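A, B and C are the chain letters, set down in written order, and residue numbers restart from 1 in every chain.
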Amino acid sequence: MIDLTALAEFAPAIWRGLLVTVEICAVSLMLGLVLGLVVALLGRLPFRPLHWLIRGYVEIWRGTPLLLQLFILYYGGPSLGFTPSAYLAGVLGMSLYTGAYLSEIFRGGFDAVPPGQIEAARMLGFTRLKTVRHIEVPQMLKLVVPPTTNQMISIIKESAVLSVITVPELTLTTTRIVSETFNVVEPYLLLGLAYWSITSLVAFASRRVERRLVQA
Amino acid sequence: MDFTAVIAQLPRLVAGAQTTVWLSVAALACGAVLGLVMCAARLSGNIALRAVAAGFVSVFRGLPLLVVLLILFYVPPNFGIETTPITAALLGLTLNTAGYQTEIYRAGFLTLPPGHAEAARMLGFSRLQIARHIFLPQIFRVTIPALTNEAVDVVKSSGLLSVIAVTELLRVSQQIVSSTYRPLETYLVCAVFYFVLSSTVSWTGRALERRMSLKPA
Amino acid sequence: MSKLLTKSLMLTLAGLMLGSTAARADLLDDIKKKGEVSVATEARFQPFEYVEDGKIVGYGPDMMKMVFEKYLPGVKVKQLDLPFQGILPGLGAKKFDVVITAVTVTKARTERYAFTTPIAEATTGLLKKAGDDSIKVPADIAGKPVGSQTGAAQLQVLKDFNASLGGKGVSEIKEYVGFDEAYADLAAGRIKAVAQSGANVAPLVKSKPETFEFMKETIGPKTYFGWAVRKEDDSASLLALLNKGLLELKASGKMAELQTKWIGFTYDLPDEIGEPAQ
């Protein structure tokens, strides 16, 4: 039933799509990580309007599908004078989406750092900034590794919707093969295998990081 | 921007949202049953059962829902199995959420103090009774926040069902775009619909969490 | 006596033949037996098939209703709306019985699927932004980004046309999941032209004349739209039924009437396409 020669024929194109997916995900996840951390830290400042702003950002970005966010950014941007390329819109949209999820995870992580440790650091003469940098962030990071990697895996999978804004990633490449060759079975199975490989690799890597952080 | 054409189509968007809601609710419920079964398998003493459950979780958390749906919709007929769009949709959403729910329940189970089960056994409870009266209510209570997030994810990802001929909220929006040529306005309104749905889910989750909290009121 | 014998023999033979036809599956028989035909449509293709007030309407659905009411009375139509990329592969995978959506008949497609008599002309042209003076003839797209729909015949025409421009081709060919996104990107200015059939852009240009303009000069060979079934023998009787119904609509002038109603002009269509040029 499964045609192996067909598989071999599609593999190179699917590989190229895979590289695009990996590249765009790597960049946006890193940017999203930084954004999430910044938002979580800003949320700790005693300034009310900032809290509302952050709440609004998190609720809206987590409450609507990524597909619609990308669509509105890419096709709606030009009417506001902002015309990003498909790649830029993709990276921007995915980073904002990732940032919203991760900021919530980091917020939970900060809340879980025992207050005694912070007090102790302050008594030892650490400045506020130094306490954040040397005590709070490292402690928090240890706690948030598992939920963060879970979230990243989810977002890698969701990146399939980048196809609606013409980013030639894995799913779009496969869809193109399907509509040109009229073959469904082999390309879609290969597509599944490709995603499963990426997500399994990330899951494996995260377990290694987790173990090292716990030992540290 | 001109929303008049889209506003005129609001009843259709509401109908699409209804499809989104019933499919999400059905998938979440079926996923809860399957997830609990898989969780029990993952925690059982039987190696084969544990392996099956671990494989299940790895596959359905590792595959994008879109890919699962495409495979369920297009591949079975090649082997002589018929699937309608709704069955493929329901099956795909269920398997996807069950993969996540298995892990949520497992994490919840691991937080339970072992003393409870022992105490119940000493009181003469059977294993099934322990699972039903001791474990389940407690697991449910500690996993509400995670389950709420999962429910929001299911509602949002149900938009992918549009690809396999299910006319839910997103497909209705696409259809409206094709006759009104107002993509931006339509998708903004569609996003508002999703936002209302997911906010309702989060709000309900938080209310449940408060009600079931053990802290004195 | 001998007459009776012959008669009973013939009856038996007839019975055997009936039996053998029933054994060789026939899709049309199955449809009649089940009382249901499943139809695939991409309802994002104005004026051929699109959704209005929750119903799939257009030139295609109107003709489908007429043909089915006459030749498949009482049979329920289960119409599925899905993205174009899934339409032909889904037909091949037996997800539905027939594709009733305007599909451009091409050489590659006729190798895998069987098509009805043409229902409209599909020849590709270029949609550009209204008042864009930098594109006066199709060849002016050289050096500019252009787009079309993934998997569409018009995309292939665009690629061939681009190749015919020699060294000075377009700067980029962007592929969209749906034509609506390509129109939106043309309006946004990211691409300068969309390759599409004239019939499809007619309602778009009519509704937004200040934004879009369709070029008179077409590109690529003359092509036609048709409906599709599987090429296997089991679909032959269904194809014959559709052809009969459509040709009758054409002969009675009903088809031309519907073309005027939905598309705005009429076509002079051949009964058979023969070998597609592309």
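Some notes on this structure:
Note that a residue touches a chain if its C-beta (ideal position, glycine included) is under 8 Å from a C-beta of that chain, and two chains touch if they have at least 3 such contacts.
Remember, it's a predicted structure, so these values are computed and weren't measured experimentally.
Of all chains, C has its CA centroid at the greatest distance from the CA centroid of chain A. Two chain pairs are in question, B-C and A-B; the one with more C-beta pairs in contact is A-B.
Measuring from the averaged C-alpha position of chain A to that of chain C gives a distance of 40 Å.
For this pair, chain B with chain C, the centres built from the Cα atoms lie 37 Å apart. With centres defined as mean CA coordinates, chain B is found 20 Å away from chain A.
Touching two or more other chains at once are residues 75, 79, 184-185 of chain A.
The residues of chain C that reach two or more other chains are 86, 89-90, 93, 181, 184, listed in rising order. Residue positions 74-75, 78, 183-184 of chain B are each in touch with at least two other chains.
Residues of chain A that touch chain B in their complex: 1, 59-60, 62-69, 71-72, 75-76, 79, 153-154, 157-158, 160-161, 171, 184-185, 188-189, 191-192, 195-196, 199-200, 203. Chain contact summary for the complex, chain B toward chain A: residues 1, 58-59, 61-68, 70-71, 74-75, 78-79, 152-153, 156-157, 159-160, 170, 183-184, 187-188, 190-191, 194-195, 198-199, 202. Across the complex, chain A is touched by residues 84-86, 88-90, 92-93, 108, 112, 147, 150-151, 174-177, 181, 184-185, 187-190 of chain C. Within the complex formed with chain B, the residues of chain C that make contact are 40, 43-46, 50-54, 80-83, 86, 89-90, 93-95, 178, 180-181, 183-184, 204, 207-208. Those residues of chain B that touch chain C in the complex are listed here as 11-12, 15, 73-75, 77-78, 85, 162-165, 167, 171-172, 174-179, 181, 183-184.
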